[in-house]
Structure formats: structure tokens, C-alpha cells
């Protein structure tokens, strides 16, 4: 019969008790990423109701009232009394409207103290009369031929609508849709929206490479002639460049084609390709396209710094155009108004390279070189470099280029506000 | 003179009676950890009482299942006044994730006036001590109001 | 021959009982006559006894009454004599009170039973027998009275023959009782053959002088005979069966009175006839028997499931106390023993009457089936509590006073003789008293408190007659507990003194100076044993202090509205006032009878299982034990005497 | 006559009586709880916590269950408390012994007076009729039974050893004042070799007799919901808790009286040094003696009750019984035998 705690009992009698001496006060906070009281930022919320769907404790409810001018005033309340503090809603909220603070003092004598709510006005989509006033010229309004195309208007119940002509059935929208409300079948080219599942969050429109989905608030699009543009069916030449002197024209089955002369094998197109259908080998300069994987989304063409990939609807390009200074063609029909304002300061305007000051000579292998006198080490070039070959240190005022990583795409050249980079 | 003394000591020696109405035991171990050396609620006079007759504060955890409803209500009924009812965690306040299931008899406030809710799915021990401290103040108010 | 002369009172008392018995047979049919006769008989006998207290107890006289005035001629006492000294009167008084109270009780208790007249005749025969035994000064007369009381007791045990086990118990009692009686008869014959006289006083002068085998055999026979009457250890199971079946007033008589007659017999035997008490081994023999019966019977009582059987075992354990105290052969021991004998009659009578009341109301005395009677029978509960408190030795009551004296006596004896054995006897006595408290806590919980079962729903308070009888005993219990020194000086003191003044006993009977002439040197010297008590115990002061403290606390409590309690007003028990069952609805779950004292029983489980096998309940076993006890006694007597 | 009636009233109600027991008892309970907490590395409740508990309970509502017998339910606690307070009167505080109470009770009587509070709590529990109370009172009775044997052995051995030392006529003495007076002259009994096992045995009996932690199977709040007190609420429960605290004081002061009797004398002549005389000196010595008694009681509680509470876990009821009737009784018996054979 042993008494295990005699020594501890005696020694503890004279030592300080291990107690936090906690006295109730409100200022104390939980551990660093402790999921305590919820804070709701109504302005960010777009009422996509994703949080309500994923909340396991059904703690989130909302009330919509119509305001006099037709918008709906949404009040969303988080009932902490029914919340399991799993923060799934925070993860699902695409817009960061929900945040969990570190305050764990959630003591309430009345039910209301546990309700966290916020109200915001959700603009109803601008309703145009059928004879809608001419659409404000979108910055990159496609020079759509005006002949008898059907006008696609975005729906007013907040759900997306497809522009069949533009859609290439690349199924990206279906993959991106958080609610799984879209079914796109590439084989028989169907695009089906599940009305009640769709939350109208607009993720599909955003993700659509071809901008073939209109959300409320976008401008109606007039259909191009239903028939595919009379682009000459590009011969199925994928390997080496066409015989010299022949024109390379885009293929009509919607798949990209490479302009070997322009291509610098920078592998960006391969990296960007959502379907992983491109394989580019820099060493032995090969560009292979995997026919059935390719969805014809055109991301590679768009991402190609040297515009060396033609998509249906682009102008044919002479095969052997010298690698002259790239004349960026405003090829894309409608410049995408990327939702997130890129901090890129200047619109992609026509840009004539300033001729280099005498002392700094552009290098001959297509790599950029820095003009220390002009450079203000703003690090924009480093940031824009698609492959991260540039290291610019503002404080130490150093500008280092990593030769073998750099692909000579010219992004840094283009974005440098001071034109301190020569290509 | 005694009346003031009694009122003051009502707040100073609150005895807890813990009812587990179908809880996942998260809150139960949290409540008991309040009495461990680290948080030591006994400093403030808290003590776990064995029977409802000895209790001042009834701490209810769990989403009041159908089976436990009559038992919970009877135990609460047997506690002598002045008494406080504290619900710990989200389950007794709203049924939490179990709300709407056939076997959950819904929030405790449907049946009994709940004095203090300590929210949190397993609230931190400090939060529990806050809640219980608030409950002792309410207890003192009730004692003042109550004629013997 | 004026009737007021106290000389005649003893014979009148005995005659009253027998006359009463005879008259009831004649006029027994109508109830009023029968009750009045019984009441008169017992009441008058009691008053006679009380009247005798002054001349014998206070003045210290001894009444020697020769039947038919045949005064002894030529040195031989032929006639039958009654000799009443302080000891005899003490027991007589005891018996008279017990008989009177149980007679009062049985008026209403036995009213429903059929053939009541026979009950009263047997009842009065029993009382007459016992009174005769106690007051007689003649050995053979004692034997006759023993015969009468044994047969009356056997018949009364089987009175309610529809009760299961009544006949069997009576039969067992008869068989072992007869073994005892034959032993007494055989002993008497051997003594007569040896001393050619039957008169106690004369025997007392002859027997101690002649040392021989037949004298010691006679002693053994007589000793075992009286042991059977007192239900000492080897003979105690039949007492339990007898009480279990007998009606309550009869159990009062058996446990309160018959056992005392056994003790009286042993005292007369050991102190007067054979004067062997100064022998160390003799004291050891009595003290050993006493403490064994004390411990065995209280542990057996703890294991009982029946209220009356439990009380029966307790009475044997208390008799063990008395025997131990008397076996110490010191003045304090003797007075403590007698004091405890008196208390025992009072509180045991009270307890048996309460058991009878419970049986009368609920029809059962099984501890498992009873419960919660305190709400239905509040007065009986209070009376029971007084009885239980006094038997288990709770201070203000009489049980404590006498037990406390017994511990003093035993421990003083231990200190005096330096023999640690007596210290162990004190320890056993103290522990037994706590075990008694334990068994009465068990009875309190299983019968009077706890929850009321369905069967006892319609139990209501017993009639006033029964409560009045119990009330008398309760008052006596408290009074004798509060004034131990009064009892000491007037009752037990003189009685204890007579134990050590044998010569006065002899001279009173056979004329002055007879003892000295007959016994010469070895005449028992009149040991002037004064009673000094080492400890201090003043119950009246203590009670006064307790009352002051209780009063003060009650005043404070009432002032702070201690009794402003919330109670269940409505018919159906609201949830707030139902018992806490962990939230469940209140279901009937009485904790009582066998469920109590698991801790104790578990530790003594081997002892209990051995005891269980020993008490087989078969009459041949008991008679076998009786014979073995007799044999052992003879061997012992041969060695010792 | 009125004067000494008033004096007895003061004795019963104020000094060694109710108020003194109330304050020191609850203070002792508070110190005990604090020590136990400190040994478990906890801060522990304030020392005055038992006072708060008591007054809170007085403030609460008393519910009489339907199955209970109301009068016994309410009277039992008061009876227990009164008996305990009266018992405390008989225990002398070193020299100070109220003459009026000197010859009212002795050791064996105190042994029995200790039974009354136990019986009162049993009666109270039984009167509620709850099954928890039934089990509780059965365990309480077995605990009392268990503690009886060693207690008896200790008291008999003390009585015998002091009796022989004093040379009393019968060789034994049971009156407490003679024992204390003997210790004043020839040193406290703890120093007698033969009585050390008795002292240890008595120390081990204290938690059992008061029903403290390792031996509180009778009021185990986890198993049988506070046993007999399951149905008690409000003031009666407060009175029971108070009598539990006072019982701790009584047992420890009994231990101090029996085995540390001689210690008080030193303080006595200290007062003489200061030069106080007559009534004032007696009063000051008495106060100092009470202080010394309380300090010793705290030490004994710390060793006997708090330390044992902090170190051990609750025993089953039959283990309690076996523990007391074998280990502790053997110790006490050893000292009885030693005393008996003249050590």
C-alpha cells in the first residue's frame, strides 16, 4: 500500500501554487489564431449566401428588404449561440467579409448579445429598357460586325448566362463553380445551369477565359455570326514550323497553333495551360500540343509573351517574320476587365521603346539590361517577371538578373515606368 | 445585520451542480478543468455539489436530448431558490449542430429562464469563470429580491 | 393475623396471581370481568411489592415467612419458607412492574384474538410462577415455580398457533426447558441427599463445608439448569424462536422477566448456596460466559431480518452484560449488574411492546417489508426511539447509566487484579454497546423511517391503552437514567449489599448466631464492600446544559425563520418536493433490512457464515448443545470446586 | 444563585460554548480547506470560506421533501449541534476548567457523547426517506463502529497509565481534569514511551470520527450525492456543516488535551513575569491558553486531517472498517499492553 503523493504534497505546501490568478476582465485575448467572436464586414459581402450553406450550426441567417429604389437591403446575422466556431464560413467567403477575432468573452444574459449582424445594400442589376441605351463603349469593345447577331442580355435574377458563340466549352467555369451548379459537356458542347443550386457568385464569369458568361451588370453582347469565323482551316501541322514563306493561320477546330519563329520556348504557355495539354522543352526547342486534352481555351495564346500562339479568330501570321521588336497586337477581342485591379499603373498602350542612352548597350541574347541612371529600384519589374528572374532590392539599390531563368519575355521592359530596362 | 451578511456571502460561496444533457463531454471536461489548480475556481468559492438540493448555480451542458429533458427539468426544479441557471457552450442555447434532429428537445430557454449563456463550442475556462462570476452577481440580486 | 403486617405481603403477592388465574377460568367468559380480575391481580401485587420496599430496602430487614408456621425444630428446617431480602424484593419489584405493564398492554393487544380467557390464565400462572421463584427461600419450592413458569411460557409461546413457527418454537422451548428443569431437579435431589434439608439458608451453612464430587456435580447441574432459564449462550437460539412467535406481551415477560429469574437463580446459587464467587476461576467462568453471549448475540442480532428476533437476540446480549457484571464479584459490579437487569426489563419491555404495536398495525415484523411508519404512527416512533436510545446507551437514558457502571466495574476489576483479561472484557462490552446502537439504527431506518410501502399504507396509530403502557415504560426508562445515584442508594445498593452479607441471610432465617455456630471459622465474613465510582457522570447537570444549549439554538433558529420551509401542499407530489433520484421520477426504493451495514458484514462474512450454520434451528442440535454444556460444566465444576 | 446561573449561561453560550465553537470550528475548517488546496498546488478558498458557506446556506430556502418526516427533519440537526457544543464544554483548556462542569462527564462519557452527533445526522438522514440517505447512514454507522474500537483502546490505556502514575486507589482514572493536572506536573503524555502508539492511533482516528476525506464514504458526494445530506438544503444543511466543523475542533482539542496537556503551563508563568496578578492574570493566562490550544489544534488538523486528505483517495466502506479494526486497533492495543505491563 503506497502513498505516491507525500513528497509532492509537502514540497508544494511551501511552493507557489501554479494558478493563473485569473480575474474576470474583458481585455484578455485568446491564442494567436484563436477563433473567438465573429466580426462581419457588410461592405465586402455580396450576399452569395455561401456561408449560410456551409455553416454546420445554421448560425447565419439573412433578411432582405426592398429599398424604395428597388435595391435589396440585406441584413446578415451570425448567431454565436449556435456557432461551432469552425470558421468554415470564413474559408468559403470569397470576399473576406467574415473574420474571427481572438476575443473569447462571449457571455450573454440576453439572446441578442450573441447576435453579430451587418446590413448592406446590394445594387440590383441596372434594368435596361429593351431599347437599351447604346452600351457605353467598353474600353475594349470588340469591333463586332453589326450584321444580324442575336443580342445576349445578362439575366436579372443574378444568375450567369452563357454567350454560346464565345464559349469554347472548356469546363473551367464548371470546375470553378463553388456550388457545382454548372454542367458543361465538351463532347456534345452543352452548357447547363442548375437554377436553384447557383448562388450567382460570379466565380464562373470571372474564371471564363473567353468571357463567354455574362453576369448582371455586364453589357449585353451581340452574337457574332453563328458560324465560326471563316478562318481557313489550319492544316494540322503541329511540329516544326510550316515551310518557310507559308502563312501560319489559326486552326478552325479551336485549338492553338504555334508560330515557331516568334516562339522563345519560354514554357509559360505550358505552365498556364489549365488542361496541361502543352509540353514545351526549352533545351531542344520543341512545342507539342496534346490534341484531346486541349480544351481550346486560349489561355496559352493569351499568356504567350511573344504572341507566338494563334487561336481561331486571329489573323494569320507570316511564318518567317523576323524576331523584330514584338509589336503587341491588341489581338484579344475584348480586353478582360480583370476584376482585381492590378496595380499595373499604365494601360497597355502602344509603347515605343526609348532608344537606349549611349553608354548602356542592349544585350544581344534577348535578355534585359538595366540602365542604373534611370532605375529607381521600384521593384515593379521584379514583380511582373513571370518567372521571377529579377531581384531588386530597394534599400540596397541592387538589380540582379538570373540569366538562365530569364526567358527574355520583355515584361520587365514593358512595365518599367522609367524605361530603365533595355531589351 | 444578518441580512446584509447573508446577501454578501451568497455571492461568495456559489455551489455548482452540473447536468450533462447529452453533451459531447467537451464542455464537461472544460467545466471540471475550471476547478483544476491552473484556473482554480475554488479561489472564488466555487464547489461542485453532489445533489441539486445543495446547489446555487446549475450548469447545463449538451443539447437537451428528448431522453434527458424530463430529468433535467426535474433536477432544476429541485434546486432551492435563489438559483441561477447557466448554459455552457452553444448546445443548450440553440442545439448547435444537432438542432432539428428528432431526438433533440431544443434550446433550454424554451423550458426554463436561463440566466447566463457562456457561448463557444467548448468555451475557454476563462470564459466559464467569467460566466460563473456573472452568475454569482445575479445570484446576489436574486437573494436581495427574495423574502426568506 | 392482621393483614397489614408486611410479613404477609410476599405470600399475598404470589397468591394474588394464582387466585387471579383461577378466577379467570371461572368467570373468564365476559371480557369486562376478565380484564378487571387481571388488572386487580397484577395491580395489587405491584402495590404490595412497593409497600415492601420501605421495610426491606431502606430499613434493611429480611422477611422470613414459614408456611403454615412450621418453625424449624431441632435444627432441621422442614417447612417451606419464603425469604425476601433486598435482592429478592428487587427482582420481585422488577417482575411486578413488567407484569403490570404488559397486562395493561394485552387488554387491547389481545382483544382480536380468540379464546382470550386461556391467555389470561396462562399469563397469570406465569407471573405467579416467577414471583414464587424469586421470593421463595426453599430450593424445591424454587424448582416447582420454575416448572410452572416454564410450562406457562411454552403454552403462551404457542398461543397464536396460526403464526408459522409458533408450535415449532414452543416445542423447542419445551424440550430444552425440560432438560434445564430436570438438571435443577437432579441438583436439588443430590443437595437434599447431602444436606437433608431443602431450606436455602440451612443449605448455605452445610454445602460450602463439604467438599465432594457430588457437591460440584450438583453445582454444575443447578448452574446449567438456571442457564437454560436465562438463555445464556449455548441456549440462546430457542429464545429467538420463542420471541419470534410469541405475542408481544408474552415476549415482554419472557425476555424481561424469565431471563431475570434465571439470573436470580445463578446469583442465589453462586453467592449463597455454594459461596464460590471469591474463587478466581468461578469469576472467570461467569465473566467468560457473559461476554461470549454478549458478543455472539449482538452480532447475530445485526444479521437478523425480523424485528422480534432481533430484539430477542438483544435481550440475550444484555443478559450477557448482567452476567458479566455479576461475575466480577465486586460490590460495584453487582450493583451495576442489577441496575442493568432493571434497565433491561424496562427498555426491552418497551421495545417489545413497540414491536407488538407494529405487528398489530401492519401484520408483519419483517424488516424488509416495513418502512416509513413514523408518519403513520408518530407516538410509537417516539417511544421506540426512547427505547432504542436507552438500550444502545445514549447518555440521558438509563441504558447508558448502567452500562457506564459496568465498564467502571470491569475496568476497576482489571486494574485491581492486574489481569488484562478484564480489560478485554471492558473493550468487548463497549464495542458490543456500539453494535447494539448499529442494530437499532438498522431497525429505525427499516421500520420507522425510509419510505412507506404499499402494504403499510393503512397503518394508523395504536389505541391509547397500548400507548399508555408503553408510555409508562418510557417514563421509567428516562427517570431511572437521570437519577442513577437515587437508584443506587435505594434499589441496587441494598440488593448488592445482601450478596456479600450471607450470614445475615442465614441468621434471619434460622435465628440469630446460627451461621457462626454452624459454620464456625469459615462463616462468610460480612465484607463491607463500599461502592466507589472512579469516573464522574452527572446526567441531570448534563441534561440541563443540553437543554440550555438546545433552547438557545432553537431561539436563534426560530428568530431566523429556520422553520419557514417549503412543503408539498398539493395531493400529488410536485417535482420540487420529490426525492432526488438523479432526475428520475421517485420510485419506491426503501433501503432497509438486509441492505444495511454491508461494510461490517463483508468483513465478518466468515464469522457470519459459521454462525449461520451453527444456528440450524433444529431442536436436536439445541438439545445436543445443552448436553455438551452440561458435560463441560460438570468437568469444570469437578476441577474447580 | 442568579450570578452563577448567568455564569453558566455565559459559559454555555459565549466562551467555551456556542460562539467560541462556532468561530474556531469554522476557522479550523477554513484552514483545513486552504491547506489541502495548497498541497494540491491550488490557491484554495479564503480562510473565511466556511463562514460564507454557512451564511449563504442560512439564506437559502429549505425544502422539506414530501417523503420526509418534517419534525425529525428539522430538529435532528439542532440536537446534534447542541450535544456537540455541550461536549466541548467538558474539555478543559489546560488549567482552565470550569468548576461547575468538572464533574459532569469523564472520558467514557465523552466517548458516548461523541455518538450523539453521529446519531443525529443518522436520524436526520433516515427521516428524509431517500435511498441515498439510507446507504449513507448505513456507511456512517459502520464508520462510527470502525472508529469505536481504537478510540476505546486509546482512552482505556490513557486512563490506566495516568491512574497508575497518580497512584489512584483503583489504579485508573477517567476524569479529564485529573489527566490534565497530571500532565501539568509531569509533562505531556506524548512523551511517555508506552503512549506514543496510542497517540498515533488517536491521530489516525480523528479523520474517521469526523468523517473527513479518506473516510467520508458516508457523505461521498460523487457516489451517493452527499449521502445523508442528499435531501437537506438551506439552514439545516448549514447546521450540519457547522456541526461537522465543530466536531473537527472537538476531536483535535481532545487530542491536544490528552497528549499535549502539559504545554499550556509555560505560558502561565510568562504572565507572572509581566506582573499581572489576581483576576487579570487568570484571564490573560486563559486567553493565552486558548490561543495555544487553537494553534495546537491547527497543527493537529494540518497533520491529521489536511495532510491525509491531500495525499489519499477515498476508501470503500469495508476497507475503512478493516483499516480501523486491524491497523489502528493493533497500535492502540500495543500501547494498552505496554501500559498494562508497567512501561
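Per-chain residue numbering starts at 1, and chain names A, B, C and D are given in the order in which the chains are listed.
Assume contacts are C-beta pairs under 8 Å (C-beta built on N, C-alpha and C of every residue); 3 or more make two chains touch, one makes a residue touch a chain.
None of the values given here were measured: they were computed from a predicted structure.
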Looking at C-alpha means, what's the farthest chain from subunit C? A
Take the average of all CA coordinates in subunit C, do the same for subunit D, and state the distance between these two points in whole angstrom. 36
Report, in whole Å, the distance between the mean C-alpha point of subunit A and the mean C-alpha point of subunit C. 106
State, to the nearest whole Å, the distance from the C-alpha centre of subunit A to the C-alpha centre of subunit D. 82
Subunit A to subunit B, mean C-alpha position gap in Å, rounds to 51
Which positions in subunit D are in touch with at least two other chains? 37, 40-44, 58, 61-63, 132, 225, 230-231, 234
Going by the touch rule set out above, which residues of subunit A reach two or more other chains? 17-19, 21
Using the touch definition from the top, which residues of subunit C touch two or more other chains? 560, 564, 566, 574, 576, 578, 580, 582
Touching pairs among all chains present in the structure: A-B, A-D, B-C, B-D, C-D
Subunit D to subunit C touching residues, read off their complex: 8-9, 12-13, 17-18, 58, 61-67, 69-70, 72, 74, 78-79, 81-83, 85-86, 89, 100-109, 111-113, 115-116, 119, 122-123, 126-135, 137-139, 141-142, 144-146, 148-149, 152-153, 156, 159-160, 163, 168-175, 217, 225, 230-231, 234-236, 316-318, 320-322, 325, 336-337, 340
What part of subunit A is in contact with subunit B in the complex they form? 17-22, 24, 28, 30, 36, 56-59, 79-86, 104-109, 111, 114
Subunit D partner contacts - residues on subunit C that touch it in the complex: 372, 374-375, 389, 393-395, 400, 404, 407-408, 411-412, 415-416, 418, 420, 423, 426-427, 430-431, 434-435, 437-438, 441-442, 444-445, 448-452, 532, 534-538, 541-542, 545-546, 548-550, 552-554, 557, 560, 562-568, 573-574, 576-582, 586, 589-592, 595-600, 602-603
Could you pull out which subunit B residues touch subunit D in their complex? 2, 5-7, 9-10, 12-13, 36-37, 40, 42-43, 45, 48-51, 53-54, 56, 78, 80-82, 143, 146, 148
Sites on subunit B touched by subunit A in the complex: 37-40, 43, 90, 93-97, 99-100, 109, 115-121, 123-127, 129-131, 133-134, 138
